[in-house]
Amino acid sequence: ACGSSNSGSGSGGGSGSGSTAAKNTKVGVLLPDTASSPRWVSADPNEINKQCKAYGLTCYVDNANGTATTQQSQAQALINAGVGVLLVTNLDPGSGKAIETLAQQHNVVTIDYDRLTAGGSASYYVSYNNVKVGEDQGTALTQAPQVKGKTDVNYVEIDGAPTDNNATQFAQGYNSVLSKQPGWHKLAEQTGNWDPATAQTVFTTMLGQHHDINAVMVANDTMAQAVINVLKAQGLAGKVAVSGQDATAGGLDNIMSGTQAFTIYKPVAGEADVAIKLASQILDGQKPAAPAMTKDPTSGREVPSFLATPTVITKANVALPVTDGYVTAAAVCPTPALQKLCTANGINVAG
Amino acid sequence: MLQLRGVYKAFGPVQALTAVDLTAEAGEVTALVGDNGAGKSTLIKCIGGTYTVDAGDILIDGEPVVVRDPRDAAALGIEIVYQDLALCENLDIVENMFLGRERRNRLGTLDENTMERLARQALASLSVRTVHSVRQLVASLSGGQRQTVAIAKSVLWKSRVVILDEPTAALGVAQTEQVLDLVRRLADQGVAVVLVSHNMNDVLRVADSVAVLYLGRMAAQVRRRDVTQTQIVELITAGRSGALGLSPAESTGATV
Amino acid sequence: MLQLRGVYKAFGPVQALTAVDLTAEAGEVTALVGDNGAGKSTLIKCIGGTYTVDAGDILIDGEPVVVRDPRDAAALGIEIVYQDLALCENLDIVENMFLGRERRNRLGTLDENTMERLARQALASLSVRTVHSVRQLVASLSGGQRQTVAIAKSVLWKSRVVILDEPTAALGVAQTEQVLDLVRRLADQGVAVVLVSHNMNDVLRVADSVAVLYLGRMAAQVRRRDVTQTQIVELITAGRSGALGLSPAESTGATV
Amino acid sequence: MTTQLDDLVEHDEPQAPAGLGDYTRSYLARLRGGQLGSLPAIAGLVVITAVFAVVHQGFLSAYNIEALVIQAAPIIIMAMGLIFVLLLGEIDLSAGTTGGLCAAIMAVLLLRHGVPWWLGMVAALASGVVIGLAMGWLRARVKIPSFVITLATFLAFQGVTLILIGGQGSVILPSGSPLIGLENSFVPMWAGWVLLAVVVAGYAAVKINDAAGRRRAGLPATPTAIIAVKVLTVAILGAFFTYVMGLNRNLTTNAFFANKAEGMPWVVLLLVVLFAAGHFVLSRTRYGRHLYAVGGNAEASRRAGIVVSRVRVSVFAICSGMAAVSGIAAASLLQSVQSNAGAGNTLLLAVGAAVIGGTSLFGGRGHMIDAVLGGLVVAVITNGMSDLIQGSNSAGFEWVVTGAVLLLAAGFDAVVRRGSPT
Amino acid sequence: MTTQLDDLVEHDEPQAPAGLGDYTRSYLARLRGGQLGSLPAIAGLVVITAVFAVVHQGFLSAYNIEALVIQAAPIIIMAMGLIFVLLLGEIDLSAGTTGGLCAAIMAVLLLRHGVPWWLGMVAALASGVVIGLAMGWLRARVKIPSFVITLATFLAFQGVTLILIGGQGSVILPSGSPLIGLENSFVPMWAGWVLLAVVVAGYAAVKINDAAGRRRAGLPATPTAIIAVKVLTVAILGAFFTYVMGLNRNLTTNAFFANKAEGMPWVVLLLVVLFAAGHFVLSRTRYGRHLYAVGGNAEASRRAGIVVSRVRVSVFAICSGMAAVSGIAAASLLQSVQSNAGAGNTLLLAVGAAVIGGTSLFGGRGHMIDAVLGGLVVAVITNGMSDLIQGSNSAGFEWVVTGAVLLLAAGFDAVVRRGSPT
């Protein structure tokens, strides 16, 4: 499927991809997995392909299914296909670095997409700020109606997969807020492994141990759903503040019905549009300047960065992701009961 | 009754059976003898559908039949006790004896009580005295006890042809008597019995007809009364005896 | 030479051996006979270390020895052919015959050529004529061929005690002759041979002493010349014969 | 019958014990001989439960016992299906993802095509059976090793589920649906007691009928006293469980609260039915007998006239069908179906449950009860482990401790079983 | 010898064929009889390579062939180790995570304790062997089924790796380290050719020596012509591979670029050494013979005086040791060690590789070459699949197609093998 012009048989091709040869329009995109967030399954590929078409680029979008070796071999295949720019959403800094080194050896420019490859050699970093996402989560949780103004709040945390660096950064963000919040006591912190089944088991036990939980800091919407399941069985749904992330259809439903306090909306366009534009400029031979710098925590290198800001979605602005086209009304409102709720909250069910 | 015509069977480069003819009449005991590795068990497995023949016909009552697997053989009324027994060690005696033909009661569930009773009787009829319980696993039985179970299994059913591959090899004196009696009794009831044995005394005692395999070829099939023990032994070890048996060329040149 | 004193062995609720004594002198053939399920194979497995005895002693040259597993038995110079043979079907004849005692050449690697040559000779000495190649897998051998391989395997080694559990059960006429010859020859070389068999002719032909097991008890061990075939058969089937054998109480009341 | 058996007396066949004392003695002798049945698994279960009850406050609260049961249900159901495959010495690596796929099919039909819940369930079940038939065909006819077939489907079904669920990450089941009720609503109290009565009465009836039948046939039978003891044990355990499930499990109480969480979850009913059906099939039907036979010695079974290939196909169909049920139960527990449903360690844990329960991976040995006991062991471990260790790195430590506890449970089992024949 | 064998002639033993024509005929007869050896796996490999070469332009470029080899190496090495365990009919579910753990130990020693690279490697290897010994002990002495032991360690080692690596998700190996060179630097061109010469000469020497030995012992031997054909085949394939690896693989060239990527990756050397060693052990040593024996019939082996428990322990040690090597190779490939290294499908794919190559899961059948061929099949599939499907849901579709291709390869294999005895 990859229409490589370089069959790899060696040194033919003259002076290569520099100034004289025909313009390279190939961009490779390496997405990480399908479990950490549903966005990687269709939202990103769709938006990226749309943008690529707009800029006249040929884009190859691969998903590594959570396996670093797969991502490595996808990178090799893309380099084999002759891409000029590689967007990398790493699975972990180590394998990301290996890919970027490989790309550099083959004169391919890399852009860290959504996740910074610590210690890596990417030329740019395009992302939402993960620590900021976490901080927003923390702040929004303290604003939730169930706990707002309370002086004494017991909360528990359910984090993402410990093997996922993003989860670490989210946790870093919300912990920095919550630990400083006066009157808030953390009763327990466990990993939900980005897996709702694990999250549900974990939270069931937490609730059994601590009967007086007021707030649950849970890292994303799918795990929040598991928490809400348990709360429902206890008749506590809506009485406990539950956080979320990703603005999934289910998360929006829960916000409308009041069982979830908020979610974090990170429209893919905020990253994809910027990244593809950047790739296009690089392929044109430009060296675009970045509005910000991010310090690589490992190497101390300042990476030129384009950072987008996330939006906190509460019941007040719950319709936003639907109006944006980030999720469809059909997905958010599949049943008559939910359709009624949607209409009440300003979501156009017919659309 | 049971007739084989020109049966061939090869295992890769090994030609185990070459143009074998055999006839087993109803109401008679046909002894099948031959040296170790002559092809007796292979022949029997071909009849039973465990192996399929490469060429040749199997006829029952003069009609050619196709035996593709053991079910076909059972449907034709052929019952076989194999030399390697083939019992399920994880099942008990009763379960093994009725395997594939379990009795069921009105509700369609297993009728364990009837099966257990019949199994006890069948074993008792074969003079087995040291089996502690018919609910013992076959894994815990002695060699002779297993053989008895296999034999008892085969005689539980009404069959037209009963083939026994070295049934008395592991049996004691009394048990061997019982089995030879049984063989004679089956033949008298009109069943065609084929008996494979290395014991010439037994063969001469019960057989009506003797077929001798030599290196995968049928050396001769003769009436019991027409031969002496010495002749049979000669046929077994050399493929011929005087005018009987294979031609000198066949019996020596034919390295299998 | 080999002596057992008061050996007991139970499998769960089943008492397989009760107070068994046995003596096998060097240079003699001791026949061990008994009905199916009498406990012969169990006794042999106890000697060979396949089972451990519950109580009782095994003595070699009068010294009590401990046989915890088959290696111990081999170290004591005890060589056994088991009734259930126990060959590895996925290995070929040569590999099976030298299993556990492979020959190695100077470099420490397997000396296949020597082993192959020796295996051929051993098989040939037992009149096996239908084995196509000693590199055949055991899975493809006939019952008698397997038995020959197992016997050949055991006689390759210098042993003080050789025990054969129904070695001729699956063998043809000529092969049986060879094995009986072999048994006699081994005894003449000073080996203590224990032979289990259901064939009274064979027993009477080669045995110097006859031990009879009855329902797990040693009914009697007598010199060959002191008994007739009828007496032995009586001992086997009833546990006693005239003055010989178990007391009436033991032989009937003792439901195992 | 060709042989005349009638005039032969049953001479010398030692009568099996008939008295109570005899029975007990022979039972103890069997135990000493190593025929332990489910004892090791039960012992293991008791031990780890006791351990967690000590280290983990509230572990034996009504709240947590219910949580344990509903968490165990999907594992137990999957293990029940796997036992059929394992009995034949085969493996189904894809049972987990098959369950996930079937649940995804159900969820998508329900939510995107407006299909009623029961039809969705039927569709899921049918998909499972069809998948199993296909895999069984590949095993029995094309003769591909089942490890490879099911490794391939393990991967492929993960993909199909992902495509079906799409970019949403999960599909949430409609909240009022009876599907959610399976794991989350409760049998009314009185119905629970009726159910218990039915189970106990049924059990007693079967045992008494069996014994009577054997006596009539002149065979030694279980003494009535033993039957009474067994029935009583079942009744007491059942009553205890029903009683605990009858306690109000709501942790917090306040003035606004109307509803109580009490009663037995519906999934318990499902478990009882599946267990009874599976046990019946395995122990009382020709088909069940043939499963053991083929697993013990396929060639002997073929010679006995069993169509081995048909048996092979059937177990895969049953296993995948049960996997579908397990997937539905998991969906009910999570009230949603994830795009990675049934992936990860789901399958390994279910197989582990069966093996810990006493089922052999080499075929020919296994019972329905193994799935229940082993599934409970696994569920107790995962439930007990969750929230046991706190703080950063807790995930790592929990994995380590989970592995260690699993090993301990299995080691205990092995040591108890030591000296048993197989 | 107690028997006098010397005076016995080798009567009637049919002489094995000695001429070239005879040899060919008997080879063909063996093929017809179903003794196919590695043919099905080779055929499967050729077919799927051909398919990908068609659908995937550049699939057979020097660049991609090298990529294929270095991607296949960790799988092949792990499969090689697994074959020892599988030969005994056991399973090691934890081989993947053991490899990950050992690599993590190495990485942590290197980076946090400043240990030299070779010492780190030795430590990783030693850890692997110790882990294997422990698991083997549990299997052989405590008699826990290997499925359960290794399921427990599968979970536990994931946890340990996670704790070791900590929250960053991965540890990056020092960039200049020879460890990275294993998968990423190249044997000089001349050395590659020398290596090839050594391998071919060694192969020829062994074959000729064997035949000569058999002739000397008066046994039928492989005709010289056949040996010549075999040696020539190895030489030609080797030369082709060495030649391709000698091509410059840098796709884009420009003025700044000095370094050429050419030569054979060092890991090829490692593979050759491991293969030769493993093959030697399995086919020419007592120990190897005993592995097959125990896998074929453990009781018979015990009666033959083999200490079965020691053999059992040893295979787990070998397998875990090889898993450590595999983990190191994977770390070298990714230039880092992940906190989830070796988890996921790593193990299943490696076992799948061995099985596709022709190794039986029931013990007693398997060869080193199975790991190589099966590993290549798996690597070709994963490599060919990566980047084959683009865009939305590509992850799902790739899973599906991977499963389908795996099934096709196995089905092809099964159909070719049909009618073979086992």
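Order as written gives the chain letters A, B, C, D and E; numbering starts at 1 within each chain.
As a working rule, a contact is a pair of C-beta atoms (placed from the backbone, for glycine too) under 8 Å apart; a residue touches a chain by one contact, two chains touch by 3 or more.
All values derive from a computational prediction rather than experimental measurement.
S.K.: Could you give the fewest steps needed to travel from subunit C to subunit E through chains in contact?
M.R.: Minimal hop count between subunit C and subunit E: 1.
S.K.: Centre to centre, using CA atoms, which chain is the farthest one from subunit E?
M.R.: When every chain centre is compared against subunit E, the largest gap points to B.
S.K.: Between chain pairs A-E and B-D, which one is joined by a greater number of C-beta pairs in contact?
M.R.: Per the contact counts, A-E leads.
S.K.: Averaging over Cα atoms per chain, report the distance between subunit B and subunit C in Å.
M.R.: Here subunit B and subunit C have centroids separated by 27 Å.
S.K.: Centroid of subunit C to centroid of subunit D, CA atoms only: how many Å?
M.R.: 47
S.K.: Per the centroid of Cα atoms for each chain, what is the distance between subunit A and subunit D, given in Å?
M.R.: Using C-alpha averages as centres, the distance is 39 Å.
S.K.: How many angstrom lie between the CA centroids of subunit A and subunit B, rounded to a whole number?
M.R.: 73
S.K.: What residues in subunit E touch two or more of the other chains?
M.R.: Correct list: 12, 14, 162, 167, 345, 392-393, 395-396, 398-399.
S.K.: By residue number and range, which residues of subunit B touch two or more other chains?
M.R.: 11, 13, 129, 131-132, 140, 256
S.K.: Would you pick out the residues of subunit A that each touch at least 2 other chains?
M.R.: Within subunit A, the residues that touch at least two other chains are 34, 41-42, 162.
S.K.: Can you name every chain pair that touches?
M.R.: A-D, A-E, B-C, B-D, B-E, C-D, C-E, D-E
S.K.: Which residues of subunit E touch subunit A in the complex?
M.R.: Interface residues on the subunit E side: 55-58, 61-64, 67, 71, 74, 162, 167-173, 175, 247-255, 257, 259, 261, 330, 333-341, 344-345, 382-383, 386-396, 398-399.
S.K.: Give the list of subunit B residues in touch with subunit C in this complex.
M.R.: Result: residues 11, 13-14, 34-38, 41-42, 83-84, 128-132, 140-145, 148, 166, 169-176, 198-200, 215, 233, 236-237, 256 of subunit B touch subunit C.
S.K.: State the interface residues of subunit A toward subunit D in the complex, per the touch definition above.
M.R.: Contact set of subunit A toward subunit D: 34-35, 37-39, 41-43, 162, 188-191, 193, 195-198, 200-202, 204-209, 211-212, 221-222, 225-226, 229, 232-236, 246, 248-250, 253, 327, 330-331, 334-335, 337.
S.K.: Give the list of subunit E residues in touch with subunit D in this complex.
M.R.: 89, 91, 93, 138, 142-145, 147-149, 151-163, 166-167, 345, 348-349, 351-352, 355-356, 361-362, 392-393, 395-404, 406-407, 410-411, 413-415, 417-418
S.K.: Which residues of subunit E touch subunit C in the complex?
M.R.: Residues 1-3, 5-6, 8-14, 16, 213-214, 216-219, 280, 284-286, 289-290, 292-293, 295-297, 299-307, 364-365, 421.
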